[in-house]
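In what follows, chain A forms one complex with chain B and a second complex with chain C.
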Partner chain A sequence: MTHGSSEQNDVPEKPVIITINGRPCRAGKGETVLAVAIREGIPVPHLCHEESLAPYGACRLCLVEAGKPGKTEMTTACTLKAADGLEVITDTPQIVKHRSILFELYLAEAPKSEVIKEMAARYGVTKTRFLKKMETDDPLSEKCVLCGLCVRVCNEIMGAGAINFINRGPYTVVNTPFLEPSADCYGCGACVKVCPTHAVVMEEAGSERVMRSWSGTRVPLAACSCCGMYYAPRELAARTLAALDPHLDQDLAGLCPACRGKRIAEREILARQGGAGNHA
Partner chain B sequence: MDSHVLDTLIARYEAEEGRLLGILSEIQEQEGYIPHDLLLMLSEKLGIRLSRLYSLVTFYSFFSLQPIGEHVITVCMGTACHVKGAEAVLAALEQHLGIEAGATQDGKFSVTTKDNQFTVTIARCFGACSIAPVLSVDGNLFGYATPENLPAILAGYGWREHAD
Partner chain C sequence: MRIESEAGLRTLQAAGIQKLKPKQPRIAVGLATCGAAVGGRKVYESLREAIDRAGADIDLVTVGCIGYCREEPLVNITIPQKPLVILHRVSEADADEIVHSVMDDQVPEDKALCRVPSWDHVTGVVMQYGKGFANIPLYEDVPFFAPQRKVILRNAGFINPEEISEYFAIGGYAAAWKALHGMQPEAIIAEVEKSGLRGRGGAGFPTGLKWRITRDAPGGTDKYLICNGDEGDPGAYMNRNEMESDPHMLIEGMIIGAYAMGLKNGLIYIRSEYPLAIERLGTAIRQAREYGLLGDNIMGTGFSFDIRITRGAGAFVCGESTALVASIEGRTGRPHPRPPRLTDPEGGLFKKPSDLNNVETWCNVPAIVANGSGWYAALGAANNTGTKVFSLVGKVDRVGLVEVPLGTTITTIVFDAGNGGANGKKVKAVQTGGPSGGCIPLRLFDTPVDFESLNRAGTIMGSGGIVVMDEDTDMVDIARYFTGFATGESCGKCVPCREGLKHTLLLINRIQAGKATGKDLAILQEVCETIAATSLCGLGQTAPNPVLTTLSYFREEYEAKVRP
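Up next, the complex of A and B:
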């Protein structure tokens, strides 16, 4: 995955130093400028960045000016690999101008998103000159910016592939095929978790989890065999248990995390008491 | 198209790379559209998620998820045709066929008459600007189209006035 990792294995890696807004920052090999900036607490707006996924460069918000003095270019920090001596400026007047237009576009595309509104307001953008997207009954609550994180996490990480982009151009949406409840959805909620604008919604309804944004897909939940609380999608829990190596003890499987912790603690205490008893 | 026919269709594609669009376009050409159950079957046979196939099919305007009519009329809405009055031609066509053209839910411009005789779509340019406005019926080009000469063109494809 890392480029050229085989070369110079015995030589200790030279630290890569990059400068962000005049501040020298140490960077790991192959690390992106955005990752360094996030770690250093330097604010660079971004929507489509997700640590567990490869850089994508979809949202364009993390535009920075980078290069050597006198020879810089504007590029996205999330796709820019840190190289020794790289100088990065995160907010030149030109970048601010571009970013402001991007915010205007996002305000039009996702008019209901508070996240976008807050981000834009930090750049003084509170209004948009573009036509706002108006959709009644939008399953993504008029907050989706089509960054693709939910699609990628569902396909690349979970391997479920329940959702994807549908249509093209201004009609593009993310949803399940035929806008019908999906049989491929595990109900894991990873899409909800990664959505930068909180557009994806799901809710628990008794023994089921309802993926409201994904055509109302319903996923049965597993109940804890001890307290009866619904704690995870049934199929997902079974798959996870089957994949564990070493296997979870039979009496721990089927318990919710809280009850499992309690059962393990009880066992520990019993074992210690038993142990102490033996020594006495 | 049944499961067996689909198998032989798939078998004609040796390389996994790039066969998807080939298979889908053959289904589109043979069936006139991409039936729901065929897409499901294809997903199972190729081991490709339905969401991926649906994404592809809705992306390309070449594919249709609805059955298309016996005759496909494509009205050019390119710049030259637009200037020469393509909009009036389209409006007249809608009136003659008793349909209301407009973007469908998936953003594709395609409307089919109730009797399944005609499907109306639009195109951006046929490259036949010298005879604008242009429309094509089943691939045959008709230049200098006007609302007035439309009935004559349509009549050649079994259309009758007031034939509801």
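Up next, the complex of A and C:
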């Protein structure tokens, strides 16, 4: 919006105000309607949104009615940029109707997911009329809703590209190429963290981390040179250390976070006392 | 060899006419993929042998397809001073007879479909062939051709698509000369806007407006112009024929568009299932470069533009603009939400603003520039100008490509051109727009075929496939077929399309198995409405149309199959 011709740099930009369900809300520059709603505590269901990733628009749950007064349309809140004067309604009869069907589809797709069941129930959907998916040995425990978040953090944020979508349409699954253990997986666990339905399974097995969901990919762990505890994927730890600037001291580099903390504290104490303490 | 003067272009045209109307007779075999599929190549080879055996002075060439697929293989004969004669249903066994007749300046009249004393190639040239053969019906009296108006298919079946000289002969590249030498880019865009041309890829977006947006987008000349040759709907093959029969028409349209938009990179996206189109376009692009029609300093104007071909792996969804860009960039063909649109800096190919138009959209451009927007706007109907090629297939008597002005009724297409049901059966409905379209029942056949009227009937124009169904067709089965297609082609990104279509298919299968109840019909309707309303891209948004339209127009067929 430009108003006036001689705007100075120090004049603050006109704030963007949108209304959600009649309530005026301030929006940051480039913020999406979904981000505003989340910040304001206005419930809009969503499964594929993640602040650190670009809008994706796959789960279709964040439907809202939005537009200028009198000229609104149903759209997804996560892909809609907040523009000044935008009016948003989160629960029209039309939205409720379509969202309920979408929840029924999710309940059939991920029958084992408690998260989906709870979310659907919050919007009044407790049963599905669709045939529930039945799969034996699903590496994602019949909980995956293909929101794509794991694939996207792995590719776009970690840059590992260990997992991706396989097949298309209703046959789509997420896994490693050729369903073989992945040499590209760092074992960082970002996929586990970001999964909205807790479908991705990861376990620690002694000196290795096992990505159960990803074709049993095994990632060696680094052992703390002090206490011997396995504390991080070996290669990821090495890469992270190599990327630090300035570098970490040699005697800190091989330690687990707990031992590292202890060692730093010891050094502080030594430095203050000006020599070796007698209680080390 | 480079064309740098109008006189040079005219010399090439004169040389081309010598090929189209040589001093000796010319036999041309229709060899687009359709002709080849019914034995056209064998016909060509046996004609070659027959000519050699007889030691006859006859030219033998390949041409594209005039569109009358039911009558193929088609063979044209040009004898000096005589009308061009189209022979139909020619077989290898006819080769000697044809060659011997032609040696006597005759044609086997029992094999003749029609004669063409003169032909309007639309871009300023009316080819005069000659008089005679009065016993053979005139082209315009052949019922299949009578309601047609050939603008896009103006050269298809007449010229050799592998010979640029024959394209010069019919006035080819004169429109590009006129545009690049005589018109400001702005004037060309205004001309296309005034013509009313709307995109032929399905949505009918005004072409001139899209060009203007692309031209005005930031990025200088480093933008992309893309031709969408993905053509993936079952039953649609007009784009294939346009590329196979007249590739230079497409290239000329793209050159004019590139100049109007002021950009230098062109790309044609074709599915790998179209090997002949890829081969012929590749040849045409090489020839155009040799003549200085592509590359640097086109026609001596200082304007530079070139075209590359990118092959798709044949996914229907890759015809969708954002998936198409992903596919060209080497990523999986999955759509993303728009905006950003292709014309936006962030949304285009390789993050450059890009213009995407359908093959047939480009093919209209040289005709518009050659004849003016007024001439074009007078074709067709208000707000739906020009002609459109439809592939008339299914249970119709005369299968083929039908080009008619927009606004022509379904009746005209199916009954006048198509002669109604095959084997005398009664026609019940047509499906337009492939898996994205819907069924229109016979009682609505007065509907004019234009973007808006089809939408009102619950279907879409799509790329122009018209599939005819007769009294024996099970409409529920039709819905199942198209739903199955869309389910298989869904990219799987968003839940309504991925899961919703799967359950739609399961429900239809239940109905077909006699296991469904009235409740299932209600669920079917509900889920289809949600898929249409909430899917991310056009595939999902339109995929329920076959079910929704058959549910509304042929509900009794569903009801007869379900228990109360």
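Throughout what follows, the second predicted complex is superposed on the first by the 263 of 280 C-alpha atoms of A that agree within 3 Å, B and C clash if a C-alpha of one lies under 4 Å from a C-alpha of the other, contacts with A are read in each partner's own complex, and residues count from 1 in each chain.
In this text, contacts are C-beta pairs under 8 Å (C-beta built on N, C-alpha and C of every residue); 3 or more make two chains touch, one makes a residue touch a chain.
Fair warning: this is a prediction, and the values are worked out from it, not measured in the lab.
Colleague: So, A:Leu146: does it touch chain B (first), chain C (second), both, or neither?
Modeller: Only chain C; A:Leu146 stays clear of chain B.
Colleague: Decide which partner touches more residues of chain A, taking chain B and chain C as the two options.
Modeller: The partner that reaches more residues of chain A in the superposed model: C.
Colleague: Name the contact category of A:Gly161: first (chain B only), second (chain C only), both, or neither.
Modeller: Once the two structures are laid over each other on A, A:Gly161 reaches chain B alone.
Colleague: Applying the document's definition of touch, where does A:Tyr171 land relative to chain B and chain C: first, second, both, or neither?
Modeller: So A:Tyr171 meets both chain B and chain C here.
Colleague: After superposition on the shared chain, which partner residues are touched by A:Pro45: those of chain B (first), chain C (second), both, or neither?
Modeller: Touch status of A:Pro45: no partner.
Colleague: If you lay the two complexes on top of each other, which residues of chain A touch chain B in one and chain C in the other?
Modeller: Residues common to the chain A contacts of chain C and of chain B are 164-165, 167-171, listed in rising order.
Colleague: Enumerate the contact residues on chain A facing chain C in the complex.
Modeller: 55-60, 63, 74, 76, 79, 94, 97-98, 101-102, 105-106, 108-109, 129-131, 145-146, 148, 164-165, 167-172
Colleague: Applying the document's contact rule, which stretches of chain C touch chain A when the two form their complex?
Modeller: Interface residues on the chain C side: 315, 332, 334, 336-337, 487-496, 498-503, 506, 523, 526-527, 529-530, 533-536.
Colleague: Considering only the defined contacts, which chain B positions touch chain A in the complex?
Modeller: 36, 39, 49-55, 58-61, 103, 106-108
Colleague: Please give the residue numbers of chain A that touch chain B in the complex, ascending.
Modeller: 155, 161-171, 176-178, 182, 184
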